[in-house]
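The data blocks that follow each hold one structure.
Same chain, two partners: chain A is paired with chain B first, then with chain C.
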Partner chain A sequence: MSGENQGGAIVPYSEEAKKPVVYPLRHGLKPPISRLGISWSRGNSLRVTVFRQPSEDSENEVGGKAVEVRLDGRDGEISDAQWRRIAYGSVSPFALLQSRKNSFASLSKISSTTSPFDAEWWEYVLEYSKDISSLLGNQTSTTQSLIEDPKEVLKKDPEPSNLKAAWELMESFYADKLSQAWLPERLVDWLADYDSLFSSTQETVHSKLVDFQKDLVSLQVIEDEPKYWEVMSSALAVGWLDIVVKLLRLHGSYQLDQLGNRETENGLVEAVAVLISKMPRMRPELEAGKLGECFKAKPDFMKAWEKWRAQIAKLECSTFWIQCAHRQTQEGLRNMLQIMLGNTNNLCTLTCHWMELYIAHFLYIRPFTVGLESMYGLAQKCIQLKPMAASHRLMGLLIGILGENIEVVLAECSKGFGPWMVTHAIEVLTAGSHQADTLLHEERDNLGGISMEELHRLVYAQVLSSHPLTWQIAPIYLTSCIKQGMGLLEMLLYKQPVDHNQLLLKNLEICRLYELDSVSSNIMKHGKKGSGVYWLQQARDEARLNRIAQQMFDSVGRSISDENFRQWEGLIQLLGSEPKTAGGLEFLHNYRDFKKSLLQIRDGKTTDAARQAVESLISLMKNPCTPQRFWLPLLHDSLKLLNWEERPLLNVLQTNLLLNKLQELSIARLRPDFIEADLPPHALSSVRLALATNLGRTTLEEQ
Partner chain B sequence: MDKAVATLDKGTTCSSWNYCGQRLATGSTDGTLSIFDSPDPSSSSFTCNLKTKVHAGAILKVVWVPPEFGDAVACICSDGSLLLWEEIVEDAQPLQWKLCKSFESTSTQVLDVQFGVSSTSLKLVAAYSDGHVKVYELLDPLILKNWQLQASCISASISWNPQKGENQGSSFVLGFNSDTPQLNSSKVWEFDEAHNRWLPVAELALPEDRSDEVYAVAWALNIGRPYEVIAVATQKGIAIWHVGANPELDGRLSVEKVALLSGHGGEVWQMEWDMSGTTLATTGSDGMVRLWQSNLNGVWDEQAAFQPTA
Partner chain C sequence: MAITGVRTPPQVHRFPQSKYIDAVRWLPPLSPLSKLAVLAIYDTDADSPSLETHSISLPASLTPHSQWTPPTRISSLSTSHQSLVAASTLSGSLHVLSSAMQVLLSVDENSGFHVGPISGVDLTGSECVSVGEDGRVNLVSVIGGGEFKRVYDGNGLVGFNCVKWASPTEFVTGGFGYGLQWWDLRRAGSGGPVLQFKGNFGSQGKASGMIHSVDIHPSRKHTCLAGGSSGTVFAWDLRWQQQSIVLSGVGTGEAVTHSLSESEVWEVQYDCHTKSSNISSSRVLPAMFCSEDGILAVVEQGEEPFELLAEPCAINSFDIDPQNPSDVICSLEWESIAIVSRP
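And now, the complex of A and B:
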């Protein structure tokens, strides 16, 4: 398979002409290639036909291959099944939000007061955001072991996904009004959940912990190991307090047989542990198991902060350190105190990339940073001090968010996470930022008069159309595109294959839902003949139905096998008895009845069937719908009836009627435009003879 | 990212997918027409279920007839004739392909054929090597045999306006690649119902470019734009034109050349617009497949390229 496509942006953003990416197209053919052909199939799938030069060599070489290339810029991280689950799951939240938006819009038109709906609206947006977020987590469940392993410091969490990480960032900054007040702490939590995502390209605190966890099993005297102290300090720097305390409690001095000798040492370790667990945090609450003391109001926090720092300073200067025999413990603990005191050098050394340093700043240097501008400035500083080894799409996104640059945010979403992300994130962005709202809803000439919001929905719908299992959800997004949605929907429906009834019915149902009558009638013209007639009926395509009726006429008067008659009969049935349809159809119905009864006649016996047949014949001949050119064929068909052995089946009146018709016919035949029926040459005379004979016999009978 | 969906026989020279991408028709040097199908819409592997020799000489191009008129394929053959093969069912026999129409092979060669669907009928435009263009109209919507010559005009890349609406008049764009300079430039033709004739309503070439040979033209589907987008490929590159929807006082449409893309350096073989009319895929003699799009500011650029490798 070809190399990874790192989610190439479908909607190009950059102004500078960049060199286009060249992708290999593997076809597996031996050169030389003579020609290429292209055809767009569903949505964004491109089919390339590769033709080999026809040559004289080996017999078994193939002439070419048709290759399908998908251009939906999808994340390699997510499996097809997972992607479909996300796509399907997103439909309801999206649709719900749109309908709520519409009701609000209509309400605000009615009431002139500045809407009290704002509070309610935020709730809806947050609900939408949470619904989407729940789709993005991985499904693997964590096995909860009953016995908590003291040496397991890092819980085996289900692997986080980049998509969820990105979504949560945007939710925190744009949708979750409550977390706006304590954004820095929100980022601390975020990094705790997603630091592992950066481990693929460089070292992180998380990867350090993972490595140490492996070594932990085999370590005898843990406090002798320099890695132990380093790892703890790093975890402390990014605020993973519970892990630090857990590690501290693994210190040898806690062991029962050691307590006697290492009292002072243990005292110091415990003192640090306690200080850590009492760290003041500028946030309303903490998850269970997490450490620290929470404060909602700044003054309270400040007081606690000062007090806490004083306690640390006091411990720092204590005389107990001299009494601490174990050198590594002394150095390690003092290092940790330095971190808590906000020593920038330590923080810089112990963190691995700028985001970790950033978090450390929030925790220990500037715990009450507010305002995006100052947050952005700090981020820039940290990037300079500790740049990442390789650019990461999450980082690009975060910088765009902090820099309050919506265009960058959109570009990063598009490039890094694809059309699904952009389409769904736009709802959150427009709610949370005025700039976004304006930018995304503005109608642009160079897009043909649509807004960027609509453009992205159209792009996403096309991506959905690329797969037969997701195309049916495209209409939901298209109906919210006011300008070009219907046009694309029509095209999408038109291009669906109609050979399979299920698909066709689904297609038609969609048309009905969205009142796309013209589309459905066009679609229904496809399909094989039998079903074709049914669909033509549905489409009320009179022109074509008439034509089919005309074709049926060719069968009139000819002798056809039973099998074919049944088929023919079936088609007539389908053609229906709508009064509006061509008069020709009515004739065909009558003719069918007549033919049916003819077939049922047993030779010789004057059964009801025979009488029925006669009735049919007469009514047919009388009926103005019956085209004149069929009179002779009809009569010729009925020769059996006219020459009935047992007794004459037609009475005088009836016979006279037929004779008159015959006379009319003879005159009509002289006209230049008369169409002769395809009958043997003596047909007319046979019929005339039969009728005359009949007349004679009935006259005699009736006397 | 890419996967093979069908394998073609030796000697295949041309191919065409039907409207929904579920059937593939191919033509070969020995005159064989092959039809590939897939068992169901979600499967993406196609196998050849039919092979029939339609002509003594080679088939140069195959074009599917629009689906409203059944399953049928037009074949342009090397001797210049145009054959129409249709899949039909007769009496109790199973589905089979039969020749339903052969357009007279004159001394000139058919260069290109395209079908256009209007609300009332199916039309066919055929461009000939002597510079003639013939427009045929299907008389009977069910029978593909009876074509009437509607017009013969001088003015062989054809692209119909793919719009499917009820109120759409028929129009197509046509460009020639010939040694007669006056013939070449791409023109948009529209059918004038009132006078029952075809009229040129726009010329897609700057005055200094009028004699350039046209390799290919492609008309993008319009899903709601106030203007039409047409791509014209010449040796100077691929030009993207915006054509106004409403005629001006003189009856002609306003045109604007919005981009000139570098193209393939040599000949452009084929251009296709995607279903929303926003991405243009092209192939050319440099052996690459290129994708072109305009960015949010309306600037056209190459977005990606595909290099066939073994």
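And now, the complex of A and C:
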């Protein structure tokens, strides 16, 4: 599919998407199946509803079944809950890095000398990388038992994950500038931590060690066992020196009762052990418990290396070997010396896959390798010599990195580890090189004008927003997308269900943070009457509030004896004191006072209350906010006031006002759009009669 | 103002749960060496709610103890000194359980109890009061076997978010428009609240807000503590009904108050651990709140607020241990529990 015919798609489809993927369905229904229904379910799942053809003979059969199909091809090593934990944890480091990036950008506008590739900048990136890495699993276990088991050669590490292994590769090659000078040694450490990840598809040095560890307890004379020597040599080839030395010290000649007659043999074993532990390493430091001598400067290292090799060569030619009676020991030790001298054949047979062979080359054949180009060349050679049994996503990534092909690295991250990895790794990648920076930030027409960086963030945000617990994180990534982010954020917010208030408020909080006022006011419009009015007030939607006021008036105005009046009171109270925000509802507030007085009259017949009611009635009728269609119901409610027994309550002026309103109403009734109030047919005439009577009485009184 | 010296930061223990925690409450401990808490849990992937007790021994462990499956997601949780748990659901049912998660009583949503979700419950002694957005206020007696008594029915025209007992016959509710209502069962004949308060904290373009949580101190039942929108925490003293004392929030206008949070305050509680420097009956006792923007803090009238937690995600619920008030348990938006131990 080419870029042009993808039309409005924000996320372009990859070529792979065209390959059909088969998901077997286990619905357990007897054929014939007559109908299928397919709809989206939670997250990345499809809900497939399967219906059987209804038949008479099988009444007890289930008529249909709904099954969920998970579409994502996520690896099983990280559970959904763990993914969410990683997503939560990466928010803070990501946001911190973005804000630092922004302040760096504003600084570099002022002075052109600072560029984001300054020393200070990559320290921030390294800090970010370490924060992310710490989310992906524990560092090699630090809990060591006080009494060390001499026969436990392989420490039980918490299960390493491919994701963490991949992140560490990215960190070593792109984020950690200090490690650039000793990349081969970093790879040695990396393989020591993660070799077990390859054990599932093929034999590895790690798996050999695990197997041997099991046999170790039952072995009586360890040095007679050919496997002992083989495993040790393999471990030596990949540079696990501490394990090798530990194994060597299990040699029978160390036992006190044998020391006397195996003195020479023991001397040779110990000499090899010492040589191993003194191996010069081109690196600043070693973890506690690891063996070797560290050199930071290359000349020093070269000198030490030559000296060390000379010592090995000297031991190799020593005459002591003839005096060594134990054949296996003699052969085994000399084999190990051959490894240290860089015998290609030995290294090739003792390692299990190209990466192990590659490490062996760094350690014993080409310890002075520098630069990605030569590292890449060496990797190609090793792959030819000892290909892996099955392709592995970590190897794809490593080759991409060594080949200095940013696009391949991105593709491998995406394919092997998903959108989370790409989005977060991009930060490390762009810090690593100008080339990556330009490539990822360049706006591309085939992506609808957005950059690769933005594309991947958008994809990740989509993944986050597909889950009810992680969608709240999506805005953090969306707002870092300059072009499409805010638009998608608005869509995301509109799409969120607002089942209950708490969820709604959480949505609104995001609107507040990102200043999306129009979205928030739209989200607010839902709910029950009481809360509905509340939300409309919050949204400042006067038109809707007015409409509600009319509806409310209809229900409240029906009859004064309505038992529900007290409840309306609460609602009107809510509306009351903020005339501006309540809009046309202001008259409801007056109406409440009017109703209250009427109720009091009904209960106790006090003239004071009646006077108050009249005042409310007049202010209601005077107020231009009071809609015309409520005039008649109001007047009809006040019949009792108009016909007050003791004395007329309205003066001439007031009665005239009401009569005028009544007149206006009679004219309005002739218009076709007039809405007739829900009142008895004689309402108008009885109001008119009452007003006329009142006018008569009040005129008489005033005279 | 008292000199607030450098305070030792509290110890925080976090327990990731991999499920959403809707609410947390302490329960009286089963043994002297461990603590007990009840969690309202919701598994989003399986769409299944649960109510679980966990025994906690600090610093490191949180172990599930007993469990019960409610019909729908839990909307509000309340515990009593007698180790009883009252839980209301989004579908409108109410359940009272023992701390071993044995159901003692259930009020079905189909019995005309509430319409829609119950938003607040409070359990004291043997009486449980429930309120909802439907505007109903109901009383359930734990010894009454599932019968309920309707105190008020607002028919959805008014709605309540939270409720708290003040005495065996009085309680306070909170709802929309920063509204607080005081109810007295002895004067139930009147059909509505005895006293009402409507806050006016509108400023910065915010029209109004709602109350999410109320609390009443047993020794000062005339002062209601309330927390709600826009980071507002205030006290309403029944003796001066028309005013309120703002402890935190954006909105009092002229008087600049301390404000740690600008978003929803989900829960408030009087904090008996923080010793007030000025114990006069006219001063509001120290209070703790948690908020949508991830703040757990102590506020006191006329004092600098003190932040216990500032999380990157919302703190949805918290509870101060009545047995040992230095310990606070809270539930975080990102599927975890945090226990804050104050020195």
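Methods note: the second predicted complex is superposed on the first by the 497 of 703 C-alpha atoms of A that agree within 3 Å, B and C clash if a C-alpha of one lies under 4 Å from a C-alpha of the other, contacts with A are read in each partner's own complex, and residues count from 1 in each chain.
Here, a contact is a pair of C-beta atoms (placed from the backbone, for glycine too) under 8 Å apart; a residue touches a chain by one contact, two chains touch by 3 or more.
These numbers were taken from a predicted model, which means no experiment stands behind them.
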Between chain B (first) and chain C (second), which, if any, makes contact with A:L216: first, second, both or neither? neither
Looking at chain A, does chain B or chain C touch a larger number of its residues? B
Just checking: does A:V50 make contact with chain B only, chain C only, both, or neither of them? Give me first, second, both or neither. first
Touched partner set for A:H27, first chain B, second chain C, both or neither: first
Chain B versus chain C as contact partner of A:L247, first or second or both or neither: neither
Using the superposition on chain A described above, determine whether A:P468 touches chain B (first), chain C (second), both, or neither. both
Between chain B (first) and chain C (second), which does A:Y88 come into contact with in this model arrangement: first, second, both, or neither? second
Find the residues of chain A that appear in the contact set with chain B and again in the contact set with chain C. 42-43, 468-469, 499-500, 528-529, 564, 567
Chain C - residues contacting chain A, complex: 16, 18-20, 44-45, 47, 75, 90, 116-117, 119, 133-135, 153-159, 161, 175-177, 179, 191-192, 196, 198, 200, 202, 206-208, 210, 229, 262-264, 266, 292-293, 312-314, 316, 333-335
So in the complex, which bits of chain A are touching chain B? 1-2, 5, 8, 11-15, 17, 20-31, 33-52, 54, 59, 61-71, 444-450, 452, 455, 458, 462, 465, 468-469, 483-484, 486-488, 490-492, 494-500, 503, 518, 522, 525-526, 528-529, 543-544, 547-548, 551, 563-564, 567
Residues on chain A engaged by chain C in the complex (per definition of touch): 42-43, 79-82, 84-85, 88, 91-92, 95, 467-469, 472, 499-502, 505-506, 509, 512, 527-531, 534, 537-538, 540, 564, 566-571, 573-574, 577-578, 581
Interfacial residue positions of chain B with respect to chain A in the complex: 1-17, 19-22, 24, 26, 28-29, 36, 40-42, 44, 46, 67-68, 89, 91-92, 95, 140-142, 164-166, 221-227, 269-270, 272-276, 281-283, 287, 289-291, 293-299, 301-310
